[in-house]
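In the two complexes below, chain A is the common chain; its partner is chain B in one and chain C in the other.
Our next item is the complex of A and B:
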């Protein structure tokens, strides 16, 4: 008891920043008791979010997303591939999540960040299980024996997501930027050349396009996610890196725009996530999905005006 | 191919002695000690500086001065075709070394013994002149991190195509096979800290091309100073100084 009183006396004398560094959990809990967070947000509120489409000129589709300080840049390059024998009329989607050393002091060159393959896998699983994209839409030439090089051909979407600033909720930001880049993606027009190779059509060539003109992908129900932290009986939406490091129980919930639950991810952590807590998280995610969809729709309509 | 038209215009509409539009922004990465975005036309680069901090590998610790490390990396989507391997290739290693040696020349490392300064540079869009853009971004990031320097380092490229000296080459001009001079200077001290040249170039023409690159470097230095000054004023305003 005496020890806790002594540390309380000490905290009153110390500068706020020093107290925050020495006793981070107690610093946060003092805020939580007032139902507010150190950055001034209510517990269930996400950070300010912005979406910019067409951030990379050299890509077929791209998006820059910021959630607070967390920044993700996604760019898509389309490549022509020969589809697999199991699904000859389908293209494919490959997602790579990168955490270069610029994004955080924890990430050092040489060894890739631990989170990179985990987030890559989660993103791939989420986007494929949401059935947001019909991979048949990516088919170009199907089983036409007249074509020499490609008996069948399809597009493969190579999606690279770069984390430029890691300040918590990496999966949420990565998913938004992946989805935003797909919504911005324009499938390029391609044609078959004399050698039977599929090439991009430039305006002046007299080549007959295989796939009509540039077009957008049809996105069905779009998935969005929200990561929450469970600490005692508090639920904190959209945590910062500092909050993630102090409070270890995370729940990531993915819902699509039609309100269906796509995935739920709770990797361990000391706090037991009761059903009621998870339902509360789902409720918060539902609100967040509506918010994010409106941001994306607004940005897409702004892009159409520009075009 | 004609890189300079009879009217004296380049493929992108610039005059031979005209630079691409430059834009810089400080503090792009919140977690870094210093960071900056630097754009030269369609070339976009982001740099982050972490340090001075404890040396990660104790065997590399230097008791008399700071250890400077640098990593240059290109995003897979930064070029026309998607890159399969964006890190660890010989070109990236060479550019990392060039940036490190260039920045080491201006950092007052003796003031920071037994510490480590990490400079990370990521190319987001490449359209020629990436190493120049990286050096300029790194300079801004180091200044933002408050690392003591003798002077700013600014860099610019120049070339010689169709018997015309050209300033700040883009990708098409860079890959034309003509001479390409990359220059890095300490503008206040008027010293050259980096000079690289590919392809043959007569010595008398080299002087003209170098002079052109120096003028480009000085123009960038003026712009960088303006950016740093504006940033300092903003910080003063925020802190109520």
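Our next item is the complex of A and C:
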């Protein structure tokens, strides 16, 4: 009796799995009709999000972010450089997004993944559009000492984002990770040595300090994003990789904490986005921005307590 | 209230459009599309047998190669390729030629602002010239928002540098048909009001975005008329040539 029950359960489970693999779109639509998703989430809810600051000790700023299974690790390195001629009083910010083969079965070693440069460009555009960082704050010109009149140097922020697990909504996780790492960033103290070069302060003699001590970067409005899938009359927030591959219309909306629209990104897709759908997505993103802001503030407060 | 533009256009005025098809002999379809000084040349090859390893062989796949005027392909070009590929995939009927690949090569001849919409328009005209089965055409337009909140259509390169934000929008072509009126509606809005592609740059309020949508839709209606007229002229001249 027990044995036959066990085999019955196993066979019904196999049937569900077979249906999911053979008819993935119908499987999902059966769930959508009940306003639920195969992993149990309601349509408008994002997955569990966690932010961990200071994951890389050797970096000037770092963050590890997980949204569901999607995992992003960001590390920031700061260097002193000569600013460009067009903007001599500004530093610069460079963002690189990497998808190593460990993150997904479709990424092969060697050639970078197709999505890498696209997400990289999106991130650069989003952070520069939001004007979250004042690049003039990175400049080292204009110190009080008279001998600094000829000094021409500025900080350069180099940000590397690694995708450790690609399970959908890569841009969302990458943006939160980049923002969290920038909020954790400490600008190092630098000095000019006897040769006239700018080096990090290491306590040696003969170094003249240029800026006094480590300090945090000032962040203005912080951008957050939410990716939604449009499918027939449904809007699904924060899709997984499986949902993304089955339903092909994605809309990514980025709002900042002051309510400005930073980006509305819809690269084609079979479904057309009408005004009502756009407004619904903006509403969902607004809720998500409040949620993520509180997570980030909580994590930064915890870091302050630890220090 | 009205902002003066350096080239004398009103805020809602597009630059002069020039479109010519069948200009390359080896390609199956080709088109040159110019909006003012911005000019893009598109060529279509295919459908060719075979599919790339990462593509789905049950459907026709589309490959887009973007060639800048100078220099190497970077992240900007990769993003343009991806946007163009997704947009063209959504207008093609991909179930007709399974296990085939259609290549679309986009060559930038000159960039004087609003480059991506110009490339999308050129690629659509080239697909028509190649006889690729399409659900409808796509018309692309660029709107920009000034610091004072004015909305300007089809900005030049100089204007783009002064703008607070700009949006590239792609809509389906308006449909002229003998079908009953209700079949062209999708819910409460006509099909031509749906957004196929939207790419924004810079920060703006949500209201500004919705205003840009309205202006973009009005401009895309004019673009649709231009495209239809252009294709009709071509088919008429070919019919007279055959006769």
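We take it that the second predicted complex is superposed on the first by the 278 of 307 C-alpha atoms of A that agree within 3 Å, B and C clash if a C-alpha of one lies under 4 Å from a C-alpha of the other, contacts with A are read in each partner's own complex, and residues count from 1 in each chain.
What we mean here is this: a residue touches a chain if its C-beta (ideal position, glycine included) is under 8 Å from a C-beta of that chain, and two chains touch if they have at least 3 such contacts.
These numbers were taken from a predicted model, which means no experiment stands behind them.
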Fit or clash - chain C, chain B, common chain A: fit
Partner chain(s) touched by A:259 [first = chain B, second = chain C, both, neither]: second
First, second, both or neither for A:42, with chain B first and chain C second: neither
Partner chain in contact with A:101 - chain B first, chain C second, else both or neither: first
Partner chain in contact with A:75 - chain B first, chain C second, else both or neither: first
Superposed arrangement (fit on chain A Cα atoms) - minimum chain B/chain C Cα distance in Å: 10
Shared contact residues on chain A - chain B and chain C: none
In the complex, chain A residues that touch chain C: 106, 114, 117-118, 120-122, 124-125, 129-131, 251, 256, 259-270, 272-276, 278, 282
Footprint of chain A on chain C - complex, ascending: 54, 74-76, 78-79, 82-83, 85-90, 165, 167, 170, 172, 186-187, 189, 191, 193-206, 208-210, 213
Interface residues, chain B side, partner chain A - complex: 28-32, 35, 42, 46-48, 50, 53, 56, 69, 71, 73, 75-82, 118, 120-122, 124-126
Parts of chain A lying in touch with chain B, wherever the complex brings them together: 56-59, 62, 69, 71, 73, 75-77, 79, 96, 98, 100-105, 108-109, 158, 160, 162, 164-167, 241
